[in-house]
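Here the structure is laid out as structure tokens; the discussion comes afterwards.
Chain lettering (A, B, C and D) follows the sequence in which the chains are written, and residue indices restart at 1 in each chain.
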Amino acid sequence: MSDRSAEFEQTPVESYLSKEVKSNVLSKSKVRRAKIIGIVMLFLAAVVMFVLAPASQGVATFGLSFSDEKFQLSALAIPSTAALYVLAMVLAFLGGTQFLKGFQRKSTLILGISFVVFVISIMIWATAGQEFSLISMLVSTIARTAPIALGALSGILCERSGVVNIGIEGMLLGGAFTGVVMGSLLGGWVGLIAATITGGILALLLAWLSINYRVDQIIIGVVINLLVLGLTSFLTAQVLVKRPEWNDAPIFPAIKIPLLGDIPIIGPMFFDQTVIVYAMFGLVALTTFMLFRSRWGLRTRSVGENPKAADSLGISVAKTRYLAVIYGGMVGGFAGAWFTLGTVGRFDEGMTGGAGFIGLAAMIFGGWNPIGALGAALIFGFSDSLSQKLALINTAIPTEFLAMTPYLVTIVVVAGLVGRARPPAADGVPWEKK
Amino acid sequence: MAAAVIAVSALALAGCSSSDSTEDTAAATATESASETMTDEATVDALPGAGMKACQVTDVGGVDDKGFNQKAYKGVTDAVDQLGVEGVVLESQAETDYAPNIQSFVDQGCDVIVTVGFLLGDGTMEAANANPDLPFTIVDYAYADGDITNNNVLGQVFNTDEAAFLAGYLAAGVSKTGKVGTFGGVNIPPVTVFMDGFYYGVQKYNADNGTSVEVLGWDPAAQSGLFTENFESLDDGRTFAQNLVDEGADIVMPVAGPVGLGSAALAGELGTDKLLIIGVDSDQYNSDTANPGVYLTSVLKEMDVTTFNAIQSVVDGTFVGGVTVGTLENGGVSLAPFHDQEGAVSAELAAALETIKAGIIDGSISAQG
Amino acid sequence: MELELRGITKAFPGVLANDNVSLTAHSGQVLALIGENGAGKSTLMNILSGIYRPDSGEIIIDGVDQKFHDPGAAIKAGIGMVHQHFMLVDVFTVAENVVLGIEPTIAGSILNTKEADKEVREISEKYGLAVDPKAKIENLPVGIQQRVEIIKVLLRGAKVLVFDEPTAVLTPQEVIEFFGIVAELKSRGATIIFITHKLKEAIAIADHITVLRAGKVVGHADPKTATQEELASMMVGRDIDLTVKKTPAKPGESVLTMESVTMTDDLGRDLLDNINLEVRAGEIVGIAGIQGNGQTELVEAITGLLPLAKGTIKLKNLDITSSNPRQIHKDGVAHIPEDRNHMGMIGSFTIAENLVLDSYYAKPYSKGIQMQRAAIDETARELVAAYDVRPPHIENNGGALSGGNAQKMIVAREFSRDVPLVVCAQPTRGIDVGSIEYIHEQIVKKRDEGIAILVVSTELDEIFALSDRILVMFDGKIVASLIASETNPTEVGLYMAGQNA
Amino acid sequence: MSSQLDPQTKQDLLNPKERSFTQRLATAADWRTAILIPLLSVITALLIGIVIIVLTGSSFGDAMAAYGALLEGSVGSLRAVSETLTAATPLMLAGLSVALAFRAGLFNIGGEGQALIGGMFAVWVGFSITGIPIFIHLPLAILAGIVGGAIWGFIPGILKAKTGAHEVITTIMLNYIALRLVDFLLKTTMFQREGRNDPVSKNIESSAEYPAFLGGIDSALRVHAGLFVALAAAFLIYWLLFRTTIGFEFRAVGANPSAARYAGISVTKVYVMVMLIAGALAGTAGAGQVLGVLGRTTPGFTADLGFDGIAVALLGRSNPWGVVAAAILFGGLRAGGQQMQVSASVGIDLISVIQALIIILVAAPALIASIYRLKTPVASTQISKGWGS
């Protein structure tokens, strides 16, 4: 049994399998997976119990309100050692149950919960005897989430129509660049529109080459990234350096929504943000609705799943893909504006720093679903913010390792937590019509 | 068709960049395009450096890094203006470029070669030893005895912590929240030396005044603190500053090149009653045209002056290798004026700063804690 | 509605797919269009449905010349196509698939799901095509999926319905049901074009038969008078014998034994449920069944591609239950996989490489890790000649072969090995009559050499042509074990539908 | 997928023409795809480069001067050729790494991290062992680079095999992790140079250096023996891919994983092996930079080598010899770009733009064919796969 089942469970589910088999992974491997998950959870419990708990003393204090808020919540003070032992027990209980009996279909959820418990343990351990502002971390999580979620959304729109977009990074950078130049010259709103258009133009390049010339979509994505990085660096050196006034755009300020903005915790997180962050939430909701409830969405998804079927019903595959890709590109360009107009008002070479790739990961992690991608982006935003806070309170972990957190989280999540997401069936397949 | 579309997107990216290329020489950054010759034809014969060539190799940060490359380059351009030398710069794209870039300057017959940063330490040493009669000067680097056979390299190092010490003292005195913060680009000595000085300056203020102002973001004992791990992401500059503000800091010193501009942008938005920024390297009141008002002061590291002096000594024929150390005493490092924030600094505090400065210069106060 | 095609010509690089084709179909009648694979039937229908544009020729509907620039135009003109491979989006619901392209909306853009469900229900009630509008396609059996396709075209007001090989995936009982649907459509005045290579069905259902060969119309026949043999020779261009000549089997020792073999999916459902079977040397055992009843899993269990939950599989006396595919291959199982293009060959590899696809690592094709080109090419040349693969250029890509020749290449590879057991899954699916004839002969020849052969086919004709014994699979179980000479298609068909279980 | 199209059509749809380089060269019609299209792509990209230079405010004369410098800096002198080859050497290896993975249907974006780790391994062996002769020390240091890269390639390979985690995501993340790890390691006593606080590693022993084989002519000729290692690697990968059972398995998995499984090939084992070898190649590239050019490591010393490798692999159409040619071209652009910076007022970032344009055009031969009115029917390259495989 061993030899064969080992081979099987490692192999991605292949398309040749008949439909009935497609969704099935055999139970033996499931059992083994359940055991492994159980062991992982028990390991986490052991870390908390034997490493973190003994090493902590004092009270960990987490601030829940900014000083200027209307309604103040008192800070959360947690006796670290006791709390850690309790959390270790919880982990051990969950892990033991998982190992012995398994949570079946809920085991992924339980594993997720275990990770959350573990992260909380780390936070308590690191903060023992000190304090930091939890609310600040949460607000920063939302801010850091925005470009990642928007980048992921850009990818989702393209890929739901069957066009792989790994040029998100380039679209972000391009949007950031034109956003700041036009923003400097003509004002923030014009900059925002220019950024959006830039993303659209880059997407047009992706659509044009992949649809009309059937160029490998991944190649075009790589090229868009290279091209935009090169062009923006070149133009920064050749033009912006000489004209610093072109690189000095107004910033969109945070707009506090009356009443809602005063709610403790929720208020500062969701109702005191810039227009770009609000737009991010709006676009996620809108895109979800459009994709799954509108005629446009049905057609776009049909083109991404089975372009032949769509074509046979008179839906133009090329036109549908063009539209979706350009819309996706515009979202990417808009997201790029966040880097300049949303935060600092100026451009610097390579300033997006890989956010597009993290967005790509969020897209896959979120199962090509806007809400899922937003959730994934929140995890990245959170791990990023958390690592910053931990660096600030001087944990024993070197900053380089703290800075790795988002990347490690991505790998763990993509490899372990979610299993395989199912991409649109025709994603990346060039459409050819005779 | 392809060309057309690509050109369109190129245009879009170029924004409004027209072919109008009149140089805005008044711009504070004063950076000309790479390798442009800056000899002023009219005065060429009048100045002592006419016919001589000063050449700079940057590290991977490039000449517009808003940090030491740019500052050193200002020394070169000053030499062009004041001494009449020809100034050339080469930007390095990768580690592998240093040696050939230096070599191509050697081949071009440069009279003095300026290199910048520890990354160029090895390359400069090799070139200097291969060309023992050619003067070199390297910013932010000093060689050990015996490294340079013919003593033809002038290392420029700076006791930045002395000026940062003053900045820390000042910040502690100005802070209303009793918390000040700092963060760095990467945890390396040219960065952390600022943070060290800043930290000890705050401690000094506490000792002198019986206060307990806290420093967030750097712990000199553990040599650990808050780092963006890059010198590019302006957004990090903003987020990190926000983070420090949320923890109660009202003055932040970012030591991360252009990343600090992100912090300044935040200060511009929050208002100077919430956040003041301390600039580094240059007087950022002058160079950050977007938010000049948010700078309490800047920790100046006069690499342009030392670089200019080195070039001048070559022009004069008085060049000597070795190490020049920029200190408060010789003006190599200093604290910039308070500019718009003059009002935030009380007369007593300003006076105390002068005393401290004198103390550092005469050695009675150590910037090393 | 009267449909007339006049002088339709369509060329692809290197192939004249349709050469001056003309035909006529009448309202309330069934026109059967028969021809071998590659005769140009599908090209013609793709032209009719607006997917391809003809190089020349006219499409005339009720006397009006039509030009279809896209499928939408054909649909508007009242032509509805039920493709052989369903044009359905697997992850969509029935209703979503049906209304795709003509979605009922609220405010012009928001899907009106209720309305869509209602439309589907109305059509399905009117024509007796029961389906659940909310079911997801990927969870439906093929017979129902076909109904969805029919509903799709009916909802679009199709007057001309084109069925491309509609019975290929259906059970005999489903075929009867399907014929009922066709009769219903006919009675409502629909014009029906029925593309098939199953002569029996054409004779049974059509009012008129048109025969295509090599892109041309080569004849017409009246189903009331025509015989299968006549049609077949018209189709192939020569006289052919539809029966496979074979002598009674002389079964020897037991070669393959499966005992209580069970395979489950992750939800614990049985894909294979307690399978017991035996194949002996020198006999052909046919596995009949509708696609998706466990045949794929059975074959992949034997060949080691899927793991078992329990049970044992033995090759002679060797337990191969937990061996990997490579080991089983070495132990002596040859396997013609059911899906040629996805599994049996690699299109971008040369014919020579494809001919050693599963034995490249063995002597004489490699020494150590170094492959031996000369030896491979030599074997390839021999096999190409011996199995009549055309064109016989071994350096060409396998993907450049026609379906029949590609299948011959695969047969050549698997039959050239000296093994005790051959597993043939759908050995002649989608290939031309000439190749079918040839491959059937080869299979019988192998049997006569004393090899044990397991044939899995959804084509009852093929099962009866080849098998000495017939096992019927339904829902992962073997529901009947019959002697071929003592049963008949009707009986087997009932088992296939699970009726006698 | 396979509806009843005519056989020819169906085959065309299902199986994009793909044959080996030698086979392609063998037929006259394919000469255009192999030589003419890339050539025209390069020319077109350079022409667009002129447009960009002029658009950003320089004169046409400046643009011409820049291209003159580009040519001079890449092939204008022995030194220029040496610089071109020095830059091409790591690109060959990084390109081979990506190309090999492409052949097996994997997209290795992780060359950067693999090169970083390989370089760190190599530098450690290079400085920590002393007093052994070059013919032992150098191979040992190269081997260390191979091992380091292989480890960093193994991680995404095993993750893909065991969990199905897509290699595009994991390799990108491992790049970032490697960068941070190098930052960290360079401050540990194990690596950091004695007596300095800068994040610079110790210098390697001269016995671990790739000999600069033209150093006798002029000490500034940096081209080093790593070039031969890269060429040998190209040969080895060519041999591996097209002459061995291992390569057969790699290509089978890349072209059709289902058929590969049917043929008894362990797809998961292939994934792991491919990533292992790809990592080793990238590791060799990083090691080569350390042993041949830098003599030490610093933060991010690989300078986007892994990403340039993707470009090189695409341009070289994933064929080992194509990769060598593409690497030399890009090496020339890089060396010439330096010269362009020295003697013309055009920023070196333009080179990246031109590189990107070349890849687009090479990948879209139909575009080039339509621009230049070529009659050859050309299929677009479909090297990589979507997320589905």
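Simple rule for what comes next: a contact is a pair of C-beta atoms (placed from the backbone, for glycine too) under 8 Å apart; a residue touches a chain by one contact, two chains touch by 3 or more.
Just so you know, these numbers come straight off a predicted model, no measurement behind them.
Ranked by separation of Cα centres from chain B, the top chain is C. Spacing of chain B relative to chain D, judged by their CA centroids, is 36 angstrom. For this pair, chain A with chain D, the centres built from the Cα atoms lie 29 Å apart. With centres defined as mean CA coordinates, chain C is found 44 Å away from chain A. Shown for chain B are the residues in touch with two or more other chains, namely 6, 10, 14, 17, 21, 33-34, 187, 229. Residues of chain A in contact with at least two other chains: 7, 14-16, 231, 235, 237-239, 308, 398, 400, 403, 425, 434.
Taken residue by residue, chain C touches two or more other chains at 12, 83, 305, 324-325, 339, 342-343, whereas all remaining positions touch fewer.
Chain pairs that touch one another: A-B, A-C, A-D, B-D, C-D.
Those residues of chain A that touch chain B in the shared complex are 66, 132-133, 135-136, 139-140, 143-144, 174, 177-178, 181-182, 185, 194, 197-198, 201-202, 204-205, 208, 228, 231-232, 235-239, 241-246, 248, 251, 253, 339, 343-346, 348-351, 353, 388-389, 391-392, 394, 398-400, 403. Across the complex, chain A is touched by residues 12, 49-52, 70-73, 75, 81, 83, 86-92, 96-97, 100-103, 105, 109-111, 138, 152, 263-268, 271, 291-292, 296-297, 304-309, 321-325, 327, 339, 342-343 of chain C.
On chain C, the positions that touch chain D within their shared complex are 12-15, 17, 37-38, 40-43, 46, 83-85, 164-165, 303, 305, 324-326, 329, 335, 337, 339, 341-350, 353, 357-358, 360-361, 366, 369-371, 373, 395, 397-403, 430. Chain D contributes residues 44, 47-48, 51-52, 54-58, 83, 86-87, 180, 183, 187, 195-200, 203, 219-220, 222, 289, 293-296, 298-301, 303-304, 334, 337-339, 341-345, 347-348, 357, 361, 364, 367, 370-371 to its touches with chain B in the complex. Within the complex, the chain B residues that touch chain A are 5-6, 8-10, 12-17, 21, 23-24, 27-29, 31-34, 62, 64, 187, 216-217, 219, 222, 224-227, 229-230, 232-240, 242-244, 246-247, 258, 261-262, 265-266, 268-269, 289-290.
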